[in-house]
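Pasting the structures in now, so scroll down.
Across the two complexes that follow, chain A remains constant while its partner is chain B and subsequently chain C.
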Partner chain A sequence: MMFSTTRNALLPLLAAATAPIASRTTIPVLANVLVEAADGRLRLAATDLDQLVTVGLGVDMAQPGRATLPGRMLHQILAKLPDGAPVQITHDAQAQRARLTAGRARFDLPTLPAADFPAMKAPGEGGDEPSRFSLAAPQLVALLGRPAFAMSREETRYYLNGVYLHRLGERLAAVATDGHRLARATLAAPAGAERIDPVILPRDTVANLLKLKPEGEVTIAATPTRVSFSWGDITLMTKVIDGQFPDYERVIPKADQQSVTARIERKPLATTLDRVMAVATDRTRSVRLALGPGAVTVSATEPEHGSAEDTLDLADYAGEPLTIGFNGRYLIDGLEALAGDSVTFHGDSAGSPALITDPDDPDILVVVMPMRV
Partner chain B sequence: MDAAESVESALDAAGRGEVVRKVIHIDMDAFYASVEQRDNPELRGKPLAVGGSRERGVVAAASYEARRFGVRSAMPSVTARRRCPQLIFVPPRFDVYRTVSRQIHAIFAEFTPVIEPLSLDEAYLDVTGNLKGIPSATRVAEEIRARIRAETGLTASAGVSYNKFLAKLASDHRKPDGLFVITPREGAAFVEGLAIEKFHGVGPATAARMKALGIHTGRDLRERPLDFLQQHFGKSGPYFYGVARGIDHRPVRPDRIRKSIGAEDTFSVDLVTFEAMRAETRLLVDKVWRHCEKSGLRGRTVTLKLRYADFETITRSRTLPSMIAGRDEVDRIVEALLQALFPIEKGVRLLGVTLSSLNTEGEAESPQMRLAL
Partner chain C sequence: MTGPVLRRLPETLVNQIAAGEVVERPASALKELVENALDAGARRIDIGLRSGGKAEISVVDDGRGMTADDLVLAVERHATSKLPDDDLACIGFLGFRGEALPSIGAVSRLTLVSRPRGQDTAFALTVDGGRLDGPRPAAHPPGTRVEVRDLFHATPARLKFLKADRVELDHALDHVRRLAMAHPDVGFTVADAGRVVLRLDATQGDLFEARLERLAQILGRDFAENAVRIDAARDGVRLTGFVGLPTFNRGTARHQYLCVNGRPVRDKLFLGAIRGAYMDVLAHDRHPVVALFLDLPSDIVDVNVHPAKAEVRFRDGNAIRGLIVGAIRHALDGAGQRASTSNTAVALDLLAREQQRAPAPQFQWQPRPGGPSPSHALREQAAAYQAPLATGVAQPSARAEMPPADAVAELHPMGAARAQLHGTYIVAQTADGIVIVDQHAAHERLVYERMKVELADRGVARQMLLLPEVVELDAGDADRLVARAGEFAELGLVIEAFGPGAVLVRETPAALGQSDVHGLVRNLADELAEMDQSLGLKERLDHVCATMACHGSVRAGRRLSADEMNALLREMERVPNSGQCNHGRPTYVTLKLGDIERLFGRK
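Let's look at the complex of A and B:
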């Protein structure tokens, strides 16, 4: 195998391709990136066995071939080459070594046979016909990215370690929860997504997808076990979490049945919470919200760290005054998932979940369970 | 067991007429059930069980009306309902029980700083040198009972004696709403006539073994020499030897803070299959969780202990970010820990499950509430 390209063409694609590579792995080939050159095109791929990223680009090709090269090392070398440097990579299959030359710099890297690189079946390959649909990249990023903060890290309820993508009437919905808070984003289901089976996208996949910053139109292919996202020359393919997402809809409070409704400026509330939490410990992060007509007072008291209080005006208030405790961090995360100038807070009691919505955007909601304070 | 330390020197000490301690054991009568009946007049005089009525539910406490039907705490709810079809199930309100428990503790604290709580509703008090200078321990016990009744509207039984073992036996003797005193002169005689099952530290398994050895009463126990008891009951031998003579030098330990809640079992035949070990761990989890419910304690760390046939002992544990809320979650973690050990090549002679990183403050669950997912 031998091909030539430039550092600038290869680097961003290699960065994308190596996204799934874990910092430590016990299977050597998983630390490598698969490099395939054929028909004037280069294909790079890396996997952690659960997800696979492939990228493609056109190169000047002298000789086709395939090999796997150490992913991180290759990425670092390219990053340290001068801007715009031409790069040539030659693989000697016999010696199992690859040589990268750029100007007068020369790097010899060990390789592993391409045959060792684990194959991963694309959605629908040798199985059910996948649902196929496309979304503009910003839409997809909003759909999966906005609820992502609520994904769980607890291994025992592994089925919460991701974003639940499913049909909700005429809409496509993405939900994440860690049992303390929940967030849901929706959008009008695009053509082709009518019969999508519900899937749980693993947290690493969601994180990588957001990191890869998709552009243009993203094509999604989904079966009950595998999903792929493709745009430009990049494809991210993933297995889904094999589990049952809980019936989450019943924990979302009905907005019209809550005894308290308040409209609060979103960013000032987040700033106020952050300020008051300066005295809260990392362990509890508990804050108290005293809501009433005209104002909300945010306070925190930590026996050994002092106390803090701040008051914020609020516009519309309906209901009796309500004092309710929260993990302040959860509230801030939730507020950041919303985009509008103000939010509507719906609450019922100090022991029932609070619903936070955007009065101008019905496509996002956040539910936060209170804390005893 | 602490009593094992030096039975002989204890006997000597008693013979030398050292200061006789005054120990009170206070035990609230049908605590959880009584609180529920106090707070809801409709439940008074009726057979009541606190606990889950569902399939896997367990009775946490039974009112005296229910006990008449043979309903006992730790009994599966299904069995309880079979014994008493009109049994009313009430979900536990641990917050309330803890509040009452703190009230009672505050009353104890007025009389003595030497308080050893056993659970929310039970404690040992050493009133040898009490704060009010009351010479008679019986008077102290009477005053405490009266104060508990006046301040909480609940009844407590008290046992007064010169050690923990006898004080606990005494409180049980006139239950409910009773007071019983065992003086140093009566101690040995009181124990003589006692059925072996009544001894603290003698569970169903030990009772069966004692009976097989011809030990049915305290008198039978007293007739067995120390080396015989040590041979058959190991570490517990000296304790049994002592208490059979009314001697128990375990101190009332005021600052005893529980670090963990655990249960383990040694099997008569080594276990080899995952299924068999799984079945045993379920029982252990049940046992641990029952204790959690009784004490109001919760933990974040689950540890699985295994002892192989060759006595090699290993432990595996997992710590969660927040307090574990339910039995099933403990069970799932234990299953995952066990699963990770397979394939196991050696037989397993002992399994243990322990919950630690406890909320020793008595604050039950984490203040963060959970969504009802």
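Let's look at the complex of A and C:
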């Protein structure tokens, strides 16, 4: 195998391809990126066995072939080459070595046989016909990215370690929860998504997808076990979490059945919470919200670190005054997932979940369970 | 065809069945015989074994003895002199069921020789596989001799399950030690195949002196030097004995002894209480050494629970547990300024060895009134990674100022800070020696203690769950957990029953963050089943405190000013349990002047 290209053409695509590579792995080939050259095109791929990213680009091809090269190292080398430098990679299958030359710089890298690289079937390959639909990149990022903060990191409930993508009436919904809070984003279901089976996208996949910053139109193919996202020259393919997402809808409070409704400015509330939490260095990060007509008072008390209190005016308030405790971090995370100038807080009692919505955007909601302080 | 016919079992078979329960192995037969000797008021008990007791057990005592008529009655089932009022609620002797001798007689060749005090003749009686022979006159000094030969020859199945001689001997010795602990005024010898393997002389002095002496004989001198005396009473229940300092710990819980009214027992309530008492001064996998003696009116304890009487039931288990935990904690808090002497011994030993290795020590002694020179050992360590210092003397990282120090040293047990070495160790001068403090470990402990107090004052914040978790357990575990729901709620875990064999978790301690709720609940259930109490939750919360304490305390390597060092020493004096870090390691070592003088051969 031998091909030539430039640093600037290869680097961004290599960065995308190597996204799934874990920092430590017991299977050597998983640290490598698969490089395939054929028909004037180069295909790069890397996997962690759960997800696979492939990218393609046109190169000057002298000789076709396949090999796997150390992914991180290749990326570092390219990043350190001068801007616009021409790059040539030659693979010697006999010696299992690849040589990268750029100007007078020369790098010899160990390779592993391309045959060792694990194969991963694309959605629908040798199975059910997948649901296929496309979304504009910003829509997809909003759908999966906004609830992503609520994904669980705790591994015993593995089915919460991701975003649950499913059909909700005429809409497509993405939900994440860690058992303490929940967030849901929705959008009008695009053509082709009518019969999508519910899937749980793993947290690493969601994180990688957001990191890759999709552009243009993203095509999504989904089966009950595999999902792929494709845009431009990049494809991210992933297995989904094999589990049952809980019946979350019953824990979302009905906005019209809550005794307390308050409209609060979003950013000022987040900064007020952050300010008051300066004294809440405890792991619990507990804050108390005293809501009433005209104002909300945020307070925190830590015997060792003192106490803090701040008051924020609020525009509309309906219901009796309510005092309720929360993990302040959960509230701030939730507020950041919303985008509008103000939020509507719906609550019922100090012991029931609070619902936070955006009065101007029905596509997002956040539920936070209170803390008894 | 006729089926099996119902019939009454013959007496020998009945006794063999009873023997199966009472006499599990040679050691349990021995235990019954020694208990008989103690009940007979013996002052001296000599035990002989062959093949770990499998071939022969003999117990000779100088107790009150038995007449010829007594001998015959003694080997009949349910014949006993130890229940004078026929009241099982009032058991004043170790034995009471009258089962031991006939049971042993049923499965061995048993010989009894006895002469009552003040009489001239002794009588002997033999039982062989349940058949009586005698009594016939014999020669014997006052007291009783019991010989058991060929135990289990009548029940070959049991014989097959016995272990090697060595193992059986260990079991036998264990029983004797436990009984001997409770009776320090009685002398014991145990001989195996004619060789004395255990000799415990009767001890003198008041209860505590005698017991400590006996415990030292059994558990070693180390224990006596590192033990704290326990003496507490509540509602007619008295708890006495000795418990080891946390720094004197072991890898197993085998060295935890409890006697209830002179009867050695292994009780899960007791083991749980011990763990609770030492919970935050010992790492999870280390165990303290304790020997406790509980004396209580016989009507509030039931010893008739276990055939071998290894377990007891208390009318009010919680009160007993509270008494044990409270008494130990109180005693340990009082001993807060005592780290285990074995640490001093280790330190001295290391220093001494260091000297032997370097026959011509190159001490460059610089008279410096302000601060002592670091020891030879420390200097060598310094040389290892502080190359520029290799030719000279390592400078202390910081030096405390001199003038008020002597006065301070006189006044305070932790003394006056003199220097900080390697940015890690504080050296302080006390009235009669020096103290070396590990600054990180000590400060970590102080921060931890403060956090615990706060946690107790404020209560635990509880995060409610959006999706309550159902944890499947077996029905017994679930019931036990739900019965303690109130206790758990105080620690931040709110559970409720969820059908048979499951609990629903509604709220968890906020400090645990997102944690494995299933694992936590299962652990708690296991602990309840095992120890009848559950420390797992408290331990996890304490672990959070400990982790935060570790992050919030001064690190090794940070230079401290003299004032900072002295402040640390003063706080260590004030805070209970500052003698060990959260993992049971010592936070400081004391070297007495005498010890130091010995190092230099001055003594």
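Keep in mind that, in the parts below, the second predicted complex is superposed on the first by the 372 of 373 C-alpha atoms of A that agree within 3 Å, B and C clash if a C-alpha of one lies under 4 Å from a C-alpha of the other, contacts with A are read in each partner's own complex, and residues count from 1 in each chain.
In the analysis below, contacts are C-beta pairs under 8 Å (C-beta built on N, C-alpha and C of every residue); 3 or more make two chains touch, one makes a residue touch a chain.
Note that the structure is a prediction, hence the values are computed from the model and not measured.
Visitor: Could you tell me whether chain B and chain C fit or clash when both sit on chain A in the superposition?
Guide: Superposition check on chain A flags a clash between chain B and chain C.
Visitor: First (chain B), second (chain C), both or neither: which does A:Arg329 touch?
Guide: In the superposed model, A:Arg329 contacts neither chain B nor chain C.
Visitor: Between chain B and chain C, whom does A:Thr284 touch in the aligned arrangement: first, second, both, or neither?
Guide: After superposition on chain A, A:Thr284 lies in contact with both partners, chain B and chain C.
Visitor: Return first, second, both or neither, reflecting whether A:Pro370 touches chain B, chain C, both chains, or no partner chain.
Guide: Both partners.
Visitor: If we overlay the two complexes on their shared chain A, which of chain B and chain C does A:Thr177 touch? Say first, second, both or neither.
Guide: A:Thr177: touches chain B and chain C.
Visitor: Determine, under the contact definition given at the top, whether A:Thr156 touches first (chain B), second (chain C), both, or neither.
Guide: both
Visitor: Give the stretch of chain C that clashes with chain B in the superposition, choosing among 59-67, 95-103, 131-139 or 437-445.
Guide: Looking at 59-67, 95-103, 131-139 or 437-445, the stretch of chain C that collides with chain B is 95-103.
Visitor: Both chain B and chain C contact which residues of chain A?
Guide: 153-156, 177, 179-182, 246, 248, 251, 284, 286, 325, 327, 351, 353, 367, 369-373
Visitor: In the complex formed with chain A, which residues of chain B make contact?
Guide: 318, 320-322, 329, 332-333, 336, 367-373
Visitor: Which residues of chain C touch chain A in the complex?
Guide: Contacts found on chain C: 450, 454, 457-458, 461-467, 469, 507, 510-511, 513-519, 544, 548.
Visitor: Which residues of chain A touch chain B once you look at their complex with the stated criterion?
Guide: 153-156, 177, 179-182, 246-248, 250-251, 284, 286, 325, 327, 351, 353, 367, 369-373
Visitor: If we count contacts the way the header does, which residues on chain A are in touch with chain C in the complex?
Guide: Touch list, chain A to chain C: 152-157, 177-182, 246, 248, 251, 282-284, 286, 303-304, 325, 327, 351, 353, 367, 369-373.
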